[in-house]
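The letters A, B, C, D, E and F name the chains in turn, as written, and every chain counts its residues from 1.
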């Protein structure tokens, strides 16, 4: 099985962190193929950055998805996820969605801990957009700016774990998600430091992607995820034009 | 990996149907161990039958779970699922929950099709209890009583598929779940007859159980799923007494 | 009028506390007949204990309900209440439900105060299950384990009242419910210590049961509370088998 | 026990219909004292008419409530109910509220059937205002204007019953409320014609008022139902001025 | 354009404060015509006072609306607003509604700051009634009674601004509304003291009223805002009788 | 006042239709400056097309917004609206948002009528995203593909009006919005053919933009709409890079 892991921001070092974690969790026969967005932010925090990233995810899928069995949108916040599902015939999963769905199986109340207030806003809107905010009891964010996204896990790890403990004590969280692609692996390291299950997005997304490939659901021919009819586009990359407007 | 598949009703023939389907989907190294409830209804449709089944699920786990890596509560409606999670240190998944969570990854609007109006009521309450009814657009039920639960798939299969088509056409469902353990396998057979992805619970539950075993989340020491303190019980089976009241 | 008061836990001393309180409130012509669950926990706090209690409530109704005009499920959390309504032709009321409905007539915002965190979880799920959580502004719980459930009212009463005051001051509760069958009578004693109406479940349930008997609604022949068709069961008590499977 | 029954419209004949039904259900020792609004509409259907009726209910309470143990606001829609609770030290109940709360104990899904589309709008807003619309599955209304409100029960009764049957068959209602004070008594007459419990407001309100008097909850000193401080008013009736502005 | 500004309380000084602020914001060609309620409270805080005010708003419209292009109900809480829309053929807007709708365009999370706890309750119910409470994150109220409503802005202004800052810091409000007609103008004065947009009702209502006049939507002939059929009334002012019962 | 009207699709003819309608409604002193997206779809229907359009809206604002007092995102569905508000210091309004907010002032129940099922999905998600779906009772869509978007109003106008009538009759809509930028002006033409108020987005957006400019709310320095800190971007247009990363 071959899974395309798309980093929707433009920082290669973050791509590598996430790909390494994905490989840790993948089944023996699963190959993880990482790719970094062609345009966009060095790391995504705001609605504007997420909007550009959604375009970049489609752009990357158009360029790279051929030959893969599934794709992972590897920014917590899942930019472009639903859009990607409309146009791809392989399963596409988001790391936020995957972590949230997994949290639903491990407790009734889950919390997300993340690195900045802007990320907290994005993640809350993401959970709501997925219809998975009903059991979200808190999003906790570190204060202060993120100095170096590529080393965020090392620099901010202790502070993130401390907030996870507060999520349990003060918010009554029964599962905690560490939100943010660059934190990939921290949940594993901190497993024994937090008294409830702790998840990150990459691990859950690998499981979910493999499961969906094995289930092999048919592509929809009806509804809002059926492949749209071809129509004219302008100004897109050749690959994205070809994907969206094959009749051109 | 060894997964205990619990049929919460007392009909062995249904246990076998579900176990066979579970084996179809399980990974090569996964063993499915079926067990049938010691007491309860021949098939579960009502709140009363589900209440008794919840007790029977705990009873079966107490008797049989030792040596397993995970357990599946294999009645759509997930009787006793949250209770089981409180007292077991291995992952426990429900077939309704598993199908609903999977549906969330394949479309925005899902429907459930089932065999009777009483089942429809139970499934709706189950979806609501899981906080997964926000994207549930319809539950469609056949009319008439279920003559022979062990052969329900053969006898009612065509009618169920017909309702699935109506769920797509009239309710705008983008994913359809065939609800009811005894229908296990029908979704696979009817894959090409329905223009959107169609799921059943057993297949999704096998994927979910395997994923959770691989993720290996720690047991909670806090919150409403932490193992309860021992307290006196009366009138339970010896195994269940030992599980719930180890200090006795 | 004869009302069966079912204690869903197995502790006779708690049954007596609740029966005494019920008799305090009953009309002159009303007889309260207490009965204690045949199996289950010494007191009910968790989902697992509540699941077993639901079965025990059905078991007790099957054994004892004949000749009564109504029944009260006398554990706050209402285990088995909806199931009981499916199979009984007399009104069945729960003490949590009764207190919540009464609270709706006395203020816009109500709180529940109870003895432990596990109870708080159960009560919250109970309120949600009844569709009566929209005006529930807080559930406050004492910390620490319950040492002696039969004397809980005496030992924990002061602490419960203190939390009630906090519910008014900090949560803005306009009505407070003291949740927990063993607290029966405390609301009456503390009436003047709390500056808003304070309720317990037993008193409200007696009023509700009497009212429903007087209203005399007909039994439903349609919908999810119509008496289910007979079907085979295994492993139940003779009385419960006879109730659920009269054709056997 | 003495209960003031306030008809918020100005039609004496309707007052009499409702008072007769209230007396049918009242306990032997309960006296029903009817009073008709001093100003307002001949019957209330619209938001404007309900707004005026809310004032009229306060006006009537100020004039007549002395010496009563409880009061009933006897227009389905409960005009002025919450306002009345702020200023009265006796229990005040609404006939819509009472019927809805009772419906919550008899089924999971309830419907309201009424005489006109304008009433349906009002009742829907009333249910939502009470936080009791979560289990309301339909409001069905007759078409056409109401020719003679005082004889509505006789003239429209058959049509109302027919809609009740549709509420059961098409909407899946498990309880049906006949909404509209002038229909008082019809639910009793039609009890055997509808296959689920059928309620009206007056009967339920009598039960609820008697129950609250017996429970005797203390008056709130905190929150939004505590008696407001005195402040100047202009242009009100002497009795209402005296009630709202006792320092004057 | 001529806009009738109705003060639903009976205090002329408050009418003048609000009219002055309305004139500040009105377009050059817009004339603001203030009118004070004929009966009711010196200022409105409770449900009872609001109920009477709703009647008074209809009364004032009936007396004064002729010749105006739009009307503003100028008490935050919008008493009688929906009722007024049923019977008037010109646009009627409420100052709470106008501020809330404007807040929806300036941030995702809004808060209301007001002068007393009773007002907070009323405003919360108003937001809910409008279906605009989904993005309302807090209502903050000053403690203590309002000594002099006509000078509330001067006396309480600093305290209100302090609460606005807390709404931003502690509640995460992205827009703050100063709730209460007598505060008209304070938002303008405090614009630079609060780090997010701050609104009051009168300014937003003037904009909304002018916009609706320019859009010129037709009067509804269907639905719950179509002009009701004439029916008999008793005890109303001649103007209101003539408005509601033109056939009389 | 100068308002930038951004057409998020790439079809100039649609830009002209919308600009003409905007000019019809603008105040005498208001200048409408239309601009067409530099890249994207010929018309926007799907999530993928909307995702690309969100980027294109930011791109257009960066290029053209200087010197304007406000901007209108002129595709019903409001692509990129919240993102635009983060980075712009002038008011930005969406035509869907503007129409929905206006609908809230004219009736309790609104419907949207549009040209295709894919648009209906987008609009529903848009309403939900704005928190304005609570009063949305139906979205009705024409069947069949859109042959010529530039002439959609002429070709599909009669069919759209017919659906509006059904929205009133069958869905009980009290206000109808014609959704879709290319339909601009149709609501005006059909004003007398539909028995309730009918709106389109462009007219409402012009009113809203002018109102916000006149209100002149300050830019937020706190919360999720405060201007983000500068950070590195790659692959964007020079103008957009300069807007998002001014320190570069």
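Criterion: a residue touches a chain if its C-beta (ideal position, glycine included) is under 8 Å from a C-beta of that chain, and two chains touch if they have at least 3 such contacts.
Please read all numbers here as calculations on a predicted model, not as lab measurements.
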| item | value |
| --- | --- |
| Each chain counted as touching chain A and chain B at once | none |
| Touching both chain D and chain E (chains) | none |
| Superposition rotation for chain A onto chain C, Cα-based, multiple of 5° | 120 |
| Counterpart interface for A-B, drawn from D-E, C-D or A-F and sharing over half of its contact pairs | C-D |
| Averaged-CA centre spacing for the pair chain E and chain B, given as whole angstrom | 53 |
| Chain centre separation in whole Å, for chain D relative to chain B (CA means) | 45 |
| Intercentroid distance (Cα basis), chain C paired with chain B, Å | 29 |
| Contacts with two or more other chains, residues of chain D listed in rising order | 82, 108, 121, 224 |
| Pairwise touch network: line, ring, star, complete, or other | ring |
| Chains in cyclic order, anchored at chain E, direction fixed by chain F | E, F, A, B, C, D |
| Chain A-facing residues of chain F, complex | 10, 38-43, 45-52, 54-55, 58, 80, 82-84, 86-87, 117-118, 121, 129, 145, 224, 228-229, 231-236, 244 |
| Residues of chain E that touch chain F when the two form their complex | 25, 82, 91, 93, 97, 101-102, 104-109, 130-132, 134-135, 168, 172-175, 191-192, 195-199, 203-204, 207-208, 210-212, 214-215, 217-218, 220-225 |
